[in-house]
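Let me give you the structure first, and then I'll get to my questions.
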Amino acid sequence: MPYVNIKITREGGPDDTGPTAEQKAVLIKGTTDLLAQVLNKNPATTFVVIDEVALEDWGVGGLPVAEYRKVQSG
Amino acid sequence: MPYVNIKITREGGPDDTGPTAEQKAVLIKGTTDLLAQVLNKNPATTFVVIDEVALEDWGVGGLPVAEYRKVQSG
Amino acid sequence: MPYVNIKITREGGPDDTGPTAEQKAVLIKGTTDLLAQVLNKNPATTFVVIDEVALEDWGVGGLPVAEYRKVQSG
Amino acid sequence: MPYVNIKITREGGPDDTGPTAEQKAVLIKGTTDLLAQVLNKNPATTFVVIDEVALEDWGVGGLPVAEYRKVQSG
Amino acid sequence: MPYVNIKITREGGPDDTGPTAEQKAVLIKGTTDLLAQVLNKNPATTFVVIDEVALEDWGVGGLPVAEYRKVQSG
Amino acid sequence: MPYVNIKITREGGPDDTGPTAEQKAVLIKGTTDLLAQVLNKNPATTFVVIDEVALEDWGVGGLPVAEYRKVQSG
């Protein structure tokens, strides 16, 4: 009876506006299969919820993601 | 001092784009009343946050919800 | 296909160590019924997860709950 | 290795549609610094995720926020 | 920069008190690899947090999990 | 009306079993003050919830935290 929440930054995909529905479907299937294999969890009662988060709403290293990457690559 | 988070798929409502503000208000009132009745929680410090999730972002049975329903009804 | 998370402080119940299993069952039933009534959500795919949080881990008004109540009751 | 999630109502900012990217950056930096100072947490592995929630999706006192404020100020 | 939260009921494992540390490590690795393969996410900034939830704190079908299973198998 | 959730690994503090109640109180005050200063949020309706997570339940880099640190320092 697992519940999985995947939070990712909204980027990537064909036009860099986030993953495609197909990519999300692969995440859903992969996570559900993993829980079935490792813990014998029933896929029928496994929920996976994906949240896309705007870059300005995600911080790491004390900076919004975009700023953080500039500093890292700088 | 409860905090309640309700996640639902974005569908239903008058034009199938999600619940109306009135329906959400009923969820907020119902949940808050329930916590007051069962656990004597003070409504003034009860928060309810509702998240609507796009169908492609919600998986069950290893499939996005729309696919899952097709298989179930198939 | 709702997912509901209820966070409450760990207190109350017969020995003030938190709600009983019976009280939790009432919360689970009440929340699930509410979603069925208001949004026609299927109880079979409605998850409710309850988290009890220690008083020292919950803050309001800039203070841990126990301190906050002392100040309020003055 | 902290993960911080900040949920706020979508309001305020220059046109009342929510905080600016600059304000969010201050929240990210402030939270990350706080965890470094108090618990010696490494900023490089501190994530901060900000969620803005529409007023109709946030309830307090058994009412959506906008209704609640009317009653309070009434 | 993904954050993944996996919530499971506390059961299973060698003495039915929950998954072993080894099983959790497999979940962590599997989820992280999946995000790297599907979305090219960097494992170094992928967090996975696992929550075990007591059976009485998880509801489905309007019942705590243990009751729900009795009804289903009944 | 903010809600802040801080998740940290259960370690540090005087006997390495996690932060003290005093340290948590500083986190609660600091976060609440930050939201008041940056976004003018009312402390009376600011909730802060702290979750401590066992090391075996937190993964980064595809490994449980303790393993990850061994590899990093190795």
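Letters A, B, C, D, E and F mark the chains as written, and numbering starts fresh at 1 in each.
Just so it is clear, a contact is a pair of C-beta atoms (placed from the backbone, for glycine too) under 8 Å apart; a residue touches a chain by one contact, two chains touch by 3 or more.
Quantities reported herein were computed from a predicted structural model and do not represent experimental measurements.
In this assembly, E is the chain whose CA centroid lies farthest from the centroid of subunit D. Residue contact pairs shared with A-E exceed half only for one pair among A-C, D-F or C-F, and that pair is D-F. Centroids built from CA atoms put subunit E at 28 Å from subunit D. Chain centres here are Cα means. That of subunit C falls 21 Å from that of subunit E.
In subunit F, 1, 3, 7, 27, 31, 45, 47, 49, 58, 60 are the positions where the chain touches two or more neighbouring chains simultaneously.
Taken chain by chain, the contacts fit none of the simple shapes, being neither an open path, a ring, a star, nor a full set of pairwise contacts. Screening every pair of chains for touch gives A-B, A-C, A-D, A-E, B-C, B-D, B-F, C-E, C-F, D-E, D-F, E-F. Interface of subunit C with subunit A (complex): residues 1, 3, 47, 49.
For subunit F in complex with subunit C, the touching residues are 21, 24-25, 27-29, 31-33, 43-52.
Those residues of subunit A whose C-beta lies close enough to touch subunit D in the complex are 7, 53, 56-64, 67.
Interface residues of subunit C facing subunit B in the complex, by the touch rule stated above, are 1-9, 12, 19, 23, 26-27, 30-31, 34-35, 38-41, 45, 58, 60, 65.
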